[in-house]
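Look at the two complexes coming up: chain A is in both, with chain B in one and chain C in the other.
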Partner chain A sequence: MELLGLFLALFGAAIAGGMSGIGSAIGIGIAGNSAAGVMTEDPNKFVQCLALQALPGTQGIYGLLIVFVVLNKVGLLAGTPAPLTWVQGLLIFAACTPVALVCWISAIAQGKTSAASIQMISKKPEAFATSMVLPAMVETYAVLSLLMSIIMLNYIAL
Partner chain B sequence: MSYVYTVARLRGMENRFLDASFFLRLIDSVTLDDALKALGETVYSRWLGGLDTDFDRIIDEELWHVFDELRQFVPDRELLDLYRMPHDFNNVKVVLKSLLRVRDGGERRYDLLSRLGSVNTEEIVAAIETEEYGLLPWGLNDVIPRCHAVWEQTKNVRNVEVLLDGQLFASMHAVAEKLGMPSVVEWVKHRVDAENIRNAVRLSRLGLDGGASLPFFHGGGTIRPDNVAKLLGEAPESWGKTLSYSDIGATLDALQDRTDVQTALSELSKALDEYLIRVLEKAKYTMDAPENVILYLLRKDMEARNLRIALVCVANGLNREFVRRLLSHVR
Partner chain C sequence: MGVAELKKAELYYHRSVQEDVAKTLQHSGSCQIIETSGTTEPAADVAERLTLCEEQHTHLRYLFRSIGGHYTDPVSSIDRMLGEKPVLSMTELAQAADKTDLKTLAASVRKMETQLNALRLEASQLKTNASILSLLRDFPYPLSVLGDGTKTLKGLFAVFPADALEAFRASVAAQLSAETELFISPGASGDREVRVVVLYLRTHEPQVLDLCAQSGASPVELPSGVRDVVSAELSAIAGRVAELERREADLQEDLKRTANEWMPTLQRLFDYWNILSGRYGALASSDATDRTFRTSFWVPTTALPHLQKRLEAISPNVALVVSDPGPEDEPPTLLKNHPLARPAEVLTNLYSPPPYGEVDPTPFVAPFFFIFFGMCLGDAGYALVMGAGIWMLFRKYRRIPFSVGNFLNLFAMGAVMTFIYGAITGSFFGDFIDVVFFMAPLRPLKNALFILDPMGKPMVVLGISLLLGVIHLMFGLAVAAWDAYRKGNIVDAVGDKACWILFVTGLILVGTSSALPFVFLPGLCMALVGGCIIFWYAGRGTKNIFLKIGSGLYALYGSTSYLGDILSYSRLLALGLGSAVIGSIINLLGTMAVGVPYIGWVLAGAIVIGGHVFGIAVNLLGAFVHSMRLQYVEFFSKFYSGGGSIFRPLTLSTQYVDVIDPESGFSS
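Presenting the complex of A and B:
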């Protein structure tokens, strides 16, 4: 039972990192498909396509950031894990869920928007700046979920 | 391959469409050589041979190349087959008519066969000439013997064509349903409507009434065949009003306020072609909608048709303003 708290905290960190990573991989895959289609016809659009394809990757980074925050909080980074009660572990788990869920879904949504933006620059290369704004709007909610998770983790007293 | 890739690639390919300024330049050409020289600066240049002025061949080569290119990356081959099916049925009509002509001491007209179908023309000819109809797809194995029977009974080629057109639309419906793409099914329905309207115009010029014309209209559209047949009892100017409940009704405005029948028909034909594009056009806002494949092909076909019109007119020295009016969906 004494390890249950630590298990729950690490499980929370794992789903935060894992789910946001899965979302990013899917999002980048969708945008990559679109980029490949556009570049088959016009290889000169590589830079613009790459920039748009990379956008859904940020959610994976946010997930990783939460993993580090949790590991730091429970003392695993310093090599001295703090003794956690199951309630504390559950609280850390709960704090990880915003990033896990929002980053997972938003990365896929952002991948689709990026794919559409890539198709847009295929026809209107001059609209590159505008095309970056559209998927960036989806990013807002991933950033908000990151903030939620960080604030919640910060307020959990060990 | 996913449709995200497919649609993105189609967006890139759309940049190769000939635009309005090119068509204006083309119809301003004084001679056919000048027009072909202008064409040499476009994607069609790869099919231009030195002194070859056979622009029909050039356009067909480009269309065939597009089908071949799409076949390599469109996930559902049936989607392309669906679009190419009318060419197959047209080829069957050519072969059947040739055989009937030969019986009467005429010649085969296999030069009219189109390469643009999904089935090799040689296979169609061989299957029909050897009566191995089972080798043909789209229910042709069943309908061709019936065509022979209808010909024996009526000696009327038009009846044979109606039978084949009915089978064509039934097969298009079946393939679209099998693909499970509701908007493609919808497009097929609208295509049936457009064909029925075209038939109605032709039949009204022949003076047929509603009852006699009913077999010439096909089911499976959004408008019932008997409702289309009823149009023949009315003046063409009021057809738009009669069908105002349907999406296609607005296109019939082309028949209003026209004293010149030929111009009205040409306008209606243009309006129907543009209508079929409009039916699918909302798909262009979706980054992975399969209908974009059909939409691209429709626009490519429209480009080919415009090119043919422009080149024929330049070759024959027709009035430029007249040519400009004939072009449709030029952007």
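Presenting the complex of A and C:
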């Protein structure tokens, strides 16, 4: 039973990292399909397409970031995990959920927007800058969820 | 600062000097030709030259397409983008054009391509034949028996459904007895179709065909001209295919040789005809009578005196009339900013330049963009890598084009801010200084500069991020208010812009009064005054009291969008923290790898270097996109909508060479 707290905390970190990674993979996949289509017509657009395709990848990184913050918080990185009560573990789990949910879904949505932006630069290469802003609008919510998780984790007293 | 002043120029000149005039306008690189109203046709000789340019371009495009792929360009496209091009004069280009007969060259390449296509077609036909024949690989008789047959004998090659074969065999045995022979081509046991040769007496032909039809067999046409046994035919085909492939390789070699011999010249000619096409295009856009041309163009006031001198030097038959843009004109926009703000012109132009005479947002964008970029990337080590990379590019490439240089400068200035922010938040490749033993001497320096801890005290940095957001937004509103005031709309300046500054700032002060009680009263007053003005301004257009109240309340409800806008700046904390933490994760993985036996240090080095390269790429993209977004979405929506067109002068626009012409009297 004494490991239940640690288990809950790690489970929270795992779903934050795992689900955001799943979302990013799907999002990048969607954008990649679109990029491949555009590049069959014009291989010179590789760099622009790659930049737009990479945008939904940040959610996975935010997930990784939360994993790191949690591991750091419970002392696993230092090698001696702090003894957590199950309530503390559950609190950490709760703090991980914003990133797990929002990064997962928003990466997929951002992938679709990126795919549309890639289509946009295939017709209007000069609109590259504005085409990058559209996916960045979606990412706002992933950033906000990251902030929520970080702030919550910061305020959980161990 | 801002938008450069332009003049509208009308140039009248005699037909005899048209070439010189167009050349001078083009070499000056400072005239954007205004299209004519389109009422007059271009003069015949100009139209003829334009057609010539178009013809040469058609040949060049064809040649680039056909032999361009065989040519390995010694100058990479990155080198070319950074200005690494051969320098030539117009005279040299003209000589090259005189010496090259593009039409003949294109014709000879076209001939080679036609031959190549014919060879490929024949080879592919032969391969198809071979695949059909290989179905009959074990058929022991000459194939002529399947075509013409002998006097008494004939053969039929057909594909049978596998399940119908037994029935067919039984019917043949029953009706035609031993005078018919079946050769079944070996195939896999699960095949649904079986290939069968039926050999029969000519007299039995109708019955055989009938039985075949009943079994659902479909006859296979053999390639024409095959008469020998299958193995002999197959080896003949293989021999012919090898011969064709040898000839194809020879032709490819010829094309490659042609490409290597001609591509450098073709690239030069491409630029040459491009320049001429621009020049004659300018003449075609002019109004012409039998003897006189009138060309109108926009020119920056600063470039005018020198241009005028050069034009007047051509001939006394040239007259330049200069005027200010009229109300009906829509001049293009040329941005002209202080060197420190100039790199941010890229951002303004990417969004949409301001219409002529409107506020140029570049000087306002520049400082905020650099600060935001610095906070998002937020790592002194990454900043050093960026700075070093850009410095090396500037050292290696001495003739970087203005626009590319501007872009590099944008990142260079971003790197400076990144370094500063990284230093005060103690991030140098993440926590590299803290975890690596040989960096220990740098620790006191790092700690001395370390005044902000986003990891330990994220709320402080969040506060700073939001405060920057408030300043940015209020600054945007202030610019809008000033612009409205400048245009004489004092009511709009106050009612629509300035009062929002009062209202939002007041609300924020009230909101923070739990920590700083003394700001409550001034905050409340500001919010009340601002709110009242907003309420009044929104309802002033209508006399209906309910509508007045409704639109006033609706306007006040608009303050929620400010809340969203301000919270959006929290990304500055999140992204900066992201860079630092990713850096630390990479270092952590590196320190773990040190423990691996024998290759520990090498592995650690590879992880740290590879990881940080990845970190720089990902965070650079994020920092650029998000700082740009804060400008475009949050900041510009307060005061700027763009809508101008970029000043695009007639220039010696080239792709492959740099053209200099000292005789023109303009520095390149």
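To be clear about the criterion, the second predicted complex is superposed on the first by the 158 of 158 C-alpha atoms of A that agree within 3 Å, B and C clash if a C-alpha of one lies under 4 Å from a C-alpha of the other, contacts with A are read in each partner's own complex, and residues count from 1 in each chain.
Quick note on the criterion: a contact is a pair of C-beta atoms (placed from the backbone, for glycine too) under 8 Å apart; a residue touches a chain by one contact, two chains touch by 3 or more.
Because the structure is a prediction, the values reported are computed rather than measured.
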- chain A superposed: clash or fit between chain B and chain C? fit
- Look at A:Ala115 in the shared chain and tell me whether it touches chain B only, chain C only, both, or neither; answer first, second, both or neither. first
- Query: Of the two partner chains, chain B (first) and chain C (second), which one does A:Ala78 touch, if any: first, second, both, or neither?
  - Reply: neither
- Message: One more residue to check, A:Asn154. First (chain B), second (chain C), both or neither?
- Response: second
- Mind working out whether A:Lys123 is in touch with chain B, chain C, both or neither, as first, second, both or neither? first
- Of chain B and chain C, which one touches more of chain A's residues? C
- Query: Is A:Asn33 in contact with chain B, with chain C, with both, or with neither (first, second, both, neither)?
  - Reply: first
- Query: Can A:Leu64 be said to touch chain B (first), chain C (second), both, or neither?
  - Reply: second
- Arrangement angle, chain B at one end, chain C at the other, chain A at the vertex (C-alpha, nearest 10°): 50
- Message: By the touch definition at the top of the document, which applies to A:Leu3: first (chain B), second (chain C), both, or neither?
- Response: neither
- Report for A:Asp42: first if it touches chain B alone, second if chain C alone, otherwise both or neither. first
- Answer with first, second, both or neither: which of chain B and chain C does A:Val87 touch in the superposed model? neither
- When the two complexes are superposed, chain B comes to within a least CA distance of chain C, in Å, of 7
- In their complex, what parts of chain A are in touch with chain B? 30, 33-38, 40-42, 112, 115-116, 118-119, 122-123
- Okay, in this complex, where on chain B does chain A touch? 2, 4-15, 73, 287-288
- Query: Which positions of chain A touch chain C when the two form their complex?
  - Reply: 51, 54-55, 57-58, 61-62, 64-65, 68-69, 77, 128-130, 132-133, 136-137, 139-140, 143-144, 146-147, 150-151, 154
- For chain C, which residues are in contact with chain A within the complex? 347, 350-351, 458-459, 462, 567-568, 570-571, 573-575, 577-578, 581-582, 584-585, 588, 618, 621-622, 625-626, 628-629, 632-633
